[in-house]
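First chain written, first letter: the chains are A, B and C, and each begins at residue 1.
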């Protein structure tokens, strides 16, 4: 009896308890929001958070900085666009092919650059990201150039999922916007579950050791080059899947999805929310999606306020929002 | 044929001189504090935009220039004082995000107070261009080269001759030892940021008569300066100048002979190629990591 | 008796400084083989060369008869080599226990798919690993820190934690770089018995240490180096009598005293 209670408590404070809480919050969200606009924001938060959870494996846990991660997000989105509209693949097949392709691409570019250290790695990933954005802008025949390209609605098991549709399930009526939110939320929960599993495994320990002490990892038998490459590919696939989904959701993408600014936004989410904190980066994603909404009141001062908030948080809470807050709570409890 | 080559070379060197100045700014801050300052490009913007705005208030051009340079230098010192110094123990990535926040902040201020329009400055000389061997040389290019050379030489003299310069060098080599020797390292670091901002603003100012300026020109210029600094091997001043010139030339040749669509990609292709063979850049240290 | 580790004409230069110069010696299987020498003699560099962290300028290293010169550290780990560090290499972003579990890396499947899906086989292996590593922590005297973050542990405990991590790999040969530096007398005594127990399990130990009492107590064989070169070699008794060693190192040699006062 006592043991059972102890175990229950363990689950609640373990990361998997966090996952339950996350799933609960996401499931209850529809009670709190009513209009399409809110659903739109929630869907964007979930998709952005999915990328961030993957990027956090690379940056927060394994300590390898990427300033070009939007390239993989953009590659996923564009691959889906091109495969569906020019090669007539069904969206799901396109999404999976895109993920596989982006994984291979990450493996190929990761091999030569991941042995770089510190700022040189930042430089190289940044360079790859900028090059990807320039290619998307210039290869107009394939990508539509700066004007962008359209995507068909997603289809699941033969049913089209359009934001403009209405759907009946077991006597209930859902709008397409609501279903898209549920889909994005489910994707996020799965993304978090997989990430938590990775972190709590020999693979996860090896990855964290890359950050903690690469030398310790090496002499403990970790092939550091291989593991860097692995987590690079994993995080790229996360980005690709989220990119493909975003493309189908918005129905239209431009090269800005792969821009340097977007890469910076992604890394900001990770650092702001809390490196090596899976739930922290979800909060980071929510903040970065929502901040522009709150800042519309400031209109012309939006950038000033955003820049100031970013600096202030990083100066006063250098470990990121969630880890810093948790640390303070813990200290308070003691 | 030859005149074309000459033309591209000349515009490449002009561009390269600008990149070299930005890269020197990066190098200076990197050496002093190991921070990669993503707000470096904003100093270029302040140099150009500041001059434009001050000229707009009726100030004569030289006074406006001085005003803009002072403004940028103050911004650099404040950046260190308010944002970098309080977070000096933070993670490298955290510092990167702080400088990114600073760049967004500065860009936002420029956009708010100075607007979003593109501006130009008059050329420094009345004669616009000279014709040499069939190639047209902008007199502004000569100004850029001349000023860049003067700045580089002045910087070198500053570090080798002046007490302040030596204090900065001592601080960048070993902070603790410098502190023990009685150097106020935080003040010194602030000075390094100020000089770096001054360099950037000067570059932004002298290039404005040929490239236009706006609140957001700092992003790409800053990135290319970072690339130039990395090509040279972060921390090497010679490397920064070589890296800057290399970038400028290859960009000009690509735009001239291959395609101007991909000219912005050139710096990044070059840096990736260099890092592939030399993971610490051209002039970076290759010492074995101590265990 | 056969040589497990053999070093032949090994040299390492750092921009003109000969940290190791033309050094040759053998470590017998099952021995506790100590390497002593003043600070800066090249002991740590030697470890770094043997464990693949540095590439030698010249010479060769073999392990169990196989040439391992310049082989990557993780490959050497898979061949049964483990080590600790004079300047700690602890992952401060992990718990103490996880640091030790990292040491078992070579015994655990680490496939990405198995990890993502938390397959039962992996889960079970990981649970065993956790139990085993807790025991190892207790064995080296870190039993008080089973649930601690590595960053919350004192220096002495971290030194022992490194030994536990090295043991977790189940090595054939264990290299310890100044394990007693910074430990007090009781801790050093405990360390002595840990080393003896490790040797008792048949693990070959190569020990770099300044504490002569400890060294003389646990060693089967000693190698004395100075300025990267071999000064003397032999049993503890032979070394104690060795005129050159006495002159240069043991007999009130100033460098040794310095070395003991400044545990770098």
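Basically, contacts are C-beta pairs under 8 Å (C-beta built on N, C-alpha and C of every residue); 3 or more make two chains touch, one makes a residue touch a chain.
Because the structure is predicted, anything quoted here is derived from the model rather than measured.
Counting C-beta pairs in contact across B-C and across A-C gives the higher total for A-C.
Averaging the CA coordinates per chain and comparing them to the mean over all protein CA atoms picks out A as nearest. With centres defined as mean CA coordinates, subunit B is found 33 Å away from subunit A.
Taking the mean of the C-alpha atoms as each chain's centre, subunit B and subunit C sit 48 Å apart. Averaging C-alpha coordinates per chain places the centre of subunit A 42 Å away from that of subunit C.
Counting partners per residue, subunit C has 53, 85, 89 as the residues that reach two or more other chains. Multi-chain contact residues of subunit A, defined as those touching 2 or more other chains: 215.
The set of subunit B residues that touch two or more partner chains comprises 291. Taken together, the subunit C residues at the contact with subunit B in this complex read 14-15, 44, 48, 53-54, 85, 87, 89. Contacts from subunit A toward subunit B in the complex involve residues 59, 65, 67, 112-113, 115-120, 122-124, 126-128, 130-131, 134-135, 138, 215, 260-261, 264, 267-268, 271-272, 275, 300-311, 314-315, 318. Only residues 30, 36, 83, 86-87, 89-94, 96-98, 100-109, 111-112, 219, 223, 226-227, 230, 234, 261-262, 264-265, 267-269, 271-272, 275-276, 279-281, 291 of subunit B touch subunit A when the two sit together in their complex. Residue ranges of subunit A in contact with subunit C, taken from their complex: 194, 197-198, 200-206, 208-209, 211-213, 215-224, 230, 234, 276. Those residues of subunit C lying in contact with subunit A across their complex are 51-53, 72-74, 76-78, 82-83, 85, 89-94, 98-99, 101-106, 108-112, 114-118, 122, 126, 129, 165-166, 169.
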